[in-house]
Amino acid sequence: MSGSEILETKSLTKAFGGLVALDKIDLSLQAGKITAIIGPNGAGKTTLFNLIAGVYPVSSGQIYFQGKILNKIPAHKRAAMGIVRTFQHVHLFGNMTVLENVMSGRHPRSSYGFLESAFRLPKARREEESISLNAIKYLNLVGLGTHAEHDALSLPLGQQKLLAIARAMATDPRLILLDEPGAGLNTLEKRQLSDLIRNIREMGISVVLVEHDMPLVMGLAEWVIVLDSGQKIAEGTAAQVQKNPKVIAAYLGEEVE
Amino acid sequence: MLTKVKSKWNYLVIAALLVLLLLIPFEWFLGQYTHLAIFIGIYTIVTVGLCLLMGYTGQVSLGQAAFFGMGAYVSAILSKTYGVNPWLAMFIAAVMTGAFAYFIGYPIFRLKGNYLAMATLGLGLIMWILFRQLVQYTGGPDGMVGIPYLSIGGFVFDTSFKRYFLIWFFCLVILLISQNIVRSRTGRALRAIHGSEAAAESLGINVDQFKVKILALSAVYASLAGSLYVHHLRFVSPQSFDFLASVKLVVMAVIGGLASVWGAIFGSGTTHVLSEVLRKAGEWDIIIYGLILMLIMIFMPGGLFVKLKEIFERLRLRYRQRGVEP
Amino acid sequence: MSTDQFVQYLISGLTQGSIYALIGLGFTIIYAVTRIINFAQGEFVMLGGMLSFTLASSVGIPLIPAIILAVLIAAAVGAIMYVLAIRTARGASVVSLIIITIGAAIFLRGVAGQIWGVNFVRPPFFSGDKSISFLGAYIHPQALWIIGTMVVVTIILHLFLSYTMVGKALKACAINPVASSLVGINPKTMALIAFVLAAAVGGIGGVVMAPLIMTSYTVGVMLGLKGFVAAAIGGFKSPIAAVVGGILLGVVESLAVAADWGPFSSAYKDAIALVVLLLILLIRSGRLAEEEMTS
Amino acid sequence: MRNYLKYAVVLILAVALLALGGISCSTGEEGGPTPTPSATPTPTAAPPKEHYKIGAVLDLNGAYSNLGIPEKRTLEMMVGQINENGGVNGHLLDVSIFDAKSLVDECVSGVVGLIADNVLAIIGPSSSGESAGIIETVTAAKVPNISLAARLSIVTPVEERYWVFKTPQTEVEAVRAIYAYLQGKGITEIAIITDTSGYGQGGKQYLESDAADYGITILDAKTFNSGDTDMTPQLTHINGTAGVQAVICWGTDKESVIVAQNMKTLQMTIPLFCSHGVATKAFINAGGAAVEGVIIPAGKLLAADEIPASDPQQKVLLKYKNDYEAIYGADSIDTFGGHAYDALSMVVAALGNMTEGLSLAEARAFIRDYIENDIKNLALTGGVFTMSPTNHLGMSPGSLLMYEIKNGDWSWLK
């Protein structure tokens, strides 16, 4: 399905009381591509993520996912549609093991409820089977298979970030939103991360990442969108945006790590 | 750890505990404490619900006694005043309480943290006031006496001995059900909510709905316990469901171990055995009770069950090393 | 209802509200710094009252030193409670710590019962027993003392938190313990200060309210409950918020008695008050949620 | 450092436990399974007879502890005296007292425990709510129970209270005593303010039902909760009701003082009447100026010294008062201890007439039957009792006197 749009926004706007965090943003993201959203702090990147993920309602404008309008759809329903996001501050479930974290990612792909679980009905057993199989699959994808039984928070930050991605992947998304996946990682971990993201793309999943780390972005992204103080100021290939004077202006004073 | 690799050891311990449980009410064993054991069973049922709600889902309830009381009063009123069959009354009570919890759950869970604590506390107080003031139905502050016994066919549960087995049957079934729930997709969803609501939501977990559902479930547990309570004592009075009762329930849940279903037994057990042992101490009992409560939390903040598990594990490993695994 | 009566209801509500506020303040201080709901707060209030009675009436120390001594002892108890019971509980979750405060409350109550016996007592009034006429209503001089003390204590706390080094540190610790510990504020010390402050404020409250409402070793339970409600309405945010919560609770209770339509007799005043307050919370909750997201 | 503190905590616990040990031992002695040589007056070296075990559930902590403590002291005092004189027919008395903590559940558990200890009879508890709670238990176990709580409903309907008796005057007597007094004073229009507790609601019920019989109309009825600290709003409402000649307050002592206090603050001059539940020293001591002039009905104990010798109760009143105050200090007496005195006296009377060698069940049945059928014109502190199968209170009328509080003491309104 490459070539068609996976996600579109039309004059998307979000205002918190007085301040306008996002101002009439028009985007259209190609399916099966790695898109990066960059911009200085407070540009509205995370707000954009939260709107797509449905954390809070849009003030005006529309979001379309595979042509379907997304505005009114509650956050927890979007995962089932194939949109999933990770968090800047990893947000792992500390009260679970590594494996259980990923298993909880299978939630939208399984359906048994209180009754089935209370009495261990056949349906529950069947689904648990496939849940754990898939979970292990995705755990291996990010190379954490050997840590399945550890407490999630006992992992170093690098692996925690990978685990978060595995947990998101477990929902079988069409579109995965990565919020600063590279933050706090060392060079080696960043290389692993890039490989993983490419892998995910190879699986035909569209990737959107918000990232401060320019080398990482430029190495990965096939399409880059630049936000500044709630406005889209540029988009294009990595090479194009890097030359864009607006972008350079926006980043002046911003030390680019 | 223990919950996973189920070694022979665990089975041995569980079997031993079950046998112990089975023997308690016999005269030649601990017969004279049957009544105490029954109370432990009843309060365990409420406490399990609280563990699911607080320990797993991370939602505070300072008003659980309200549901406990609803179950008790609905059962009492239906079976005594209107002559409804006690079992039916018990069922109606559970449904009513569950539904009530479900519907108040939606507004209440719009509140978070200490506002939630406040709201549940308020709910508890309001129910308590109603129990006291609706005299024509509830008998007011003095409560109701002469509530009928439960019975199956001709078999009447008219002695503590009989009721002991009935109540602990309920208790164990509920413990097992809860155990299954926490080890399932549902349980993971609940723990996810506790871990991070944002992340849970992003993984397609309907946070609000799970919250009200678990509140309703805990309410149903409390209601069942309440019904058993009145059909055991054949008496009900508002005082058993006041603010302090709600606090007592939280205490049980925490000292047992919030994040462990089986901890509920230890929580309920410890509190009741303590006050039984201390009763002989006259006016001094509450001083010592307070001290012990503090000490338990200071030395085993995770709760008794967690501590016991640690000790048990250590022993097992030691024996393993000695190579005497049976 | 005549205006005189209305004023009387307001005065009564204000007096009770001030009592609730004085107790609520303690809850707020400890919660803000440690996230602990201190169930022993009511016992601090009880201690203040009982001590001032023993010192002033039994031992016969003049009122002022007796009061000061009572407050100091209460504060000391707060410190001891923190050092012995709270700080020793390493790696305990907040819930566990809350249970410890429950244990402490039971313990303190029991000890008080042994020391002072089970009868309720009344320390001497600060300035007589002759009620003062005001806009056709009456107010007891001790009530004025209570309201005044509440106002003064609140102002002092506010200034303390806003303008002193320690106060600012406390605030910082309340907002973000981790960050503040990075800039060299020791959360444990802050927690200790919070407990001492709360105990002292509770003690002061107990001292001023005891002459009017009397005291016994069991009063801590009910007073603590009301104080908790007051603090919770205020969202455990700031001293001012706690005061607003307390006054609100007091006035609503008083007016709930005034308005007794049929079934809603004075028997339901507490229920009515709670319902009203819960509704306020629910209406505000929408906005609160919004705030959380932006912050 | 921290471990230090932990040890400190442990130390405190240890001390407390030791103290506990001391306490329970001492109670053990007072409860006296071990007869001290001096206490056993058996000149013949006959083997000491087995003890008569009696149980008591009293509120030694919590809301009703101000009733429970004098009750406990009274029982311990009596048991001491009786055993010094060689017990009942040579059987030493052994009273084990359980703390019900003013909680129904605790109370029931305590009673179950006592029954398991094979007690012959159970005295207590102090509050109506708890008392109602144990009716089923004692009835099922066929153990006689003498309640120390006020409500009439504890012994009525009597066919459902086969095993239950009580000694305190009920709210009915108290209400009628007050109404009779009002009638005498020509007061016809009153307001009532009652506690929402069982005790208060009991009073309210009879205040409303009996008013007409005494030509009294209730113009305003307000309530408060136990533990409330301000009744000004209620009283403001009453004050705003035209024609109220007197206020009757039905609650326990602390709340009643606050009512008196608030009336004074509102400068209400109409008389205040309180229930017999406030007949405690604390009411006067803490009440101070506020309760001056308050009028209450209460047992004769408060006026023991003034009771004429012609009164059948005089002897027992004086004896109890003097014995009690000899131990616990002057002016320490109150009517609640008296109720315990009456209860144990009845049990002892029954035991005194019990034949040897009865089985436990027989003994329990005998005590019940004796109290029901053979307690006739028995003068005790609360009144003159005549029990019958239709009356498990059996108190002769006129057991309550009206008192006014004058300069810090009860003065009997003869």
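For reference, chains read A, B, C and D in written order, and residue numbers begin at 1 within each chain.
One rule holds in what follows: a residue touches a chain if its C-beta (ideal position, glycine included) is under 8 Å from a C-beta of that chain, and two chains touch if they have at least 3 such contacts.
Just so it is clear, the model here is predicted, and its values are computed rather than measured.
Relative to the whole-protein C-alpha centroid, the nearest chain centroid is that of B.
For subunit B, the chain with the farthest CA centroid is A. Annotation: 72 Å between the Cα-based centres of subunit A and subunit D.
Centre-to-centre, using mean CA coordinates, subunit A is 47 Å away from subunit C. Once the centre of each chain is set as its mean CA position, subunit C and subunit D turn out to be 34 Å apart. Among all residues of subunit C, those that touch two or more other chains are 85, 88, 90, 110, 113, 221, 267, 270. In subunit B, the residues that reach two or more other chains under the touch definition are 133, 283-288, 291-292, 294, 298. In subunit A, the positions touching at least two other chains are 55.
Considering their complex, residues 54, 107, 110-112, 114-115, 117-119, 121-123, 125-126, 129-130, 133, 243-244, 247, 250-251, 254-255, 258, 283-294, 297-298, 301-303 of subunit B touch subunit C.
Contacts from subunit B toward subunit D in the complex involve residues 32, 35-36, 39, 132-133, 135, 140-143, 145-146, 233-235, 237, 239-240, 272, 275-276, 278-288, 291-292, 294-295, 298-299.
Interface of subunit C with subunit B (complex): residues 31, 37, 39, 85, 88-93, 95-100, 102-111, 113-114, 221, 225, 228-229, 232-233, 235-236, 267-268, 270-271, 274-275, 277-278, 281-282, 285-286, 288-289, 292.
Looking at the complex, you find that subunit D touches subunit C at residues 2, 5-6, 8-9, 12, 61-63, 65-66, 68-69, 196, 221-225, 227, 229-230, 232-234, 236-237, 240, 253-254, 257-258, 261, 264-267, 280-282, 285-290.
For subunit C in complex with subunit D, the touching residues are 1-2, 5, 8-9, 11-13, 15-16, 19, 83-85, 87-88, 90, 110, 113, 117-122, 129, 131, 138-140, 209, 212-214, 216, 218-219, 221-223, 253-255, 257-258, 260, 265-267, 269-270.
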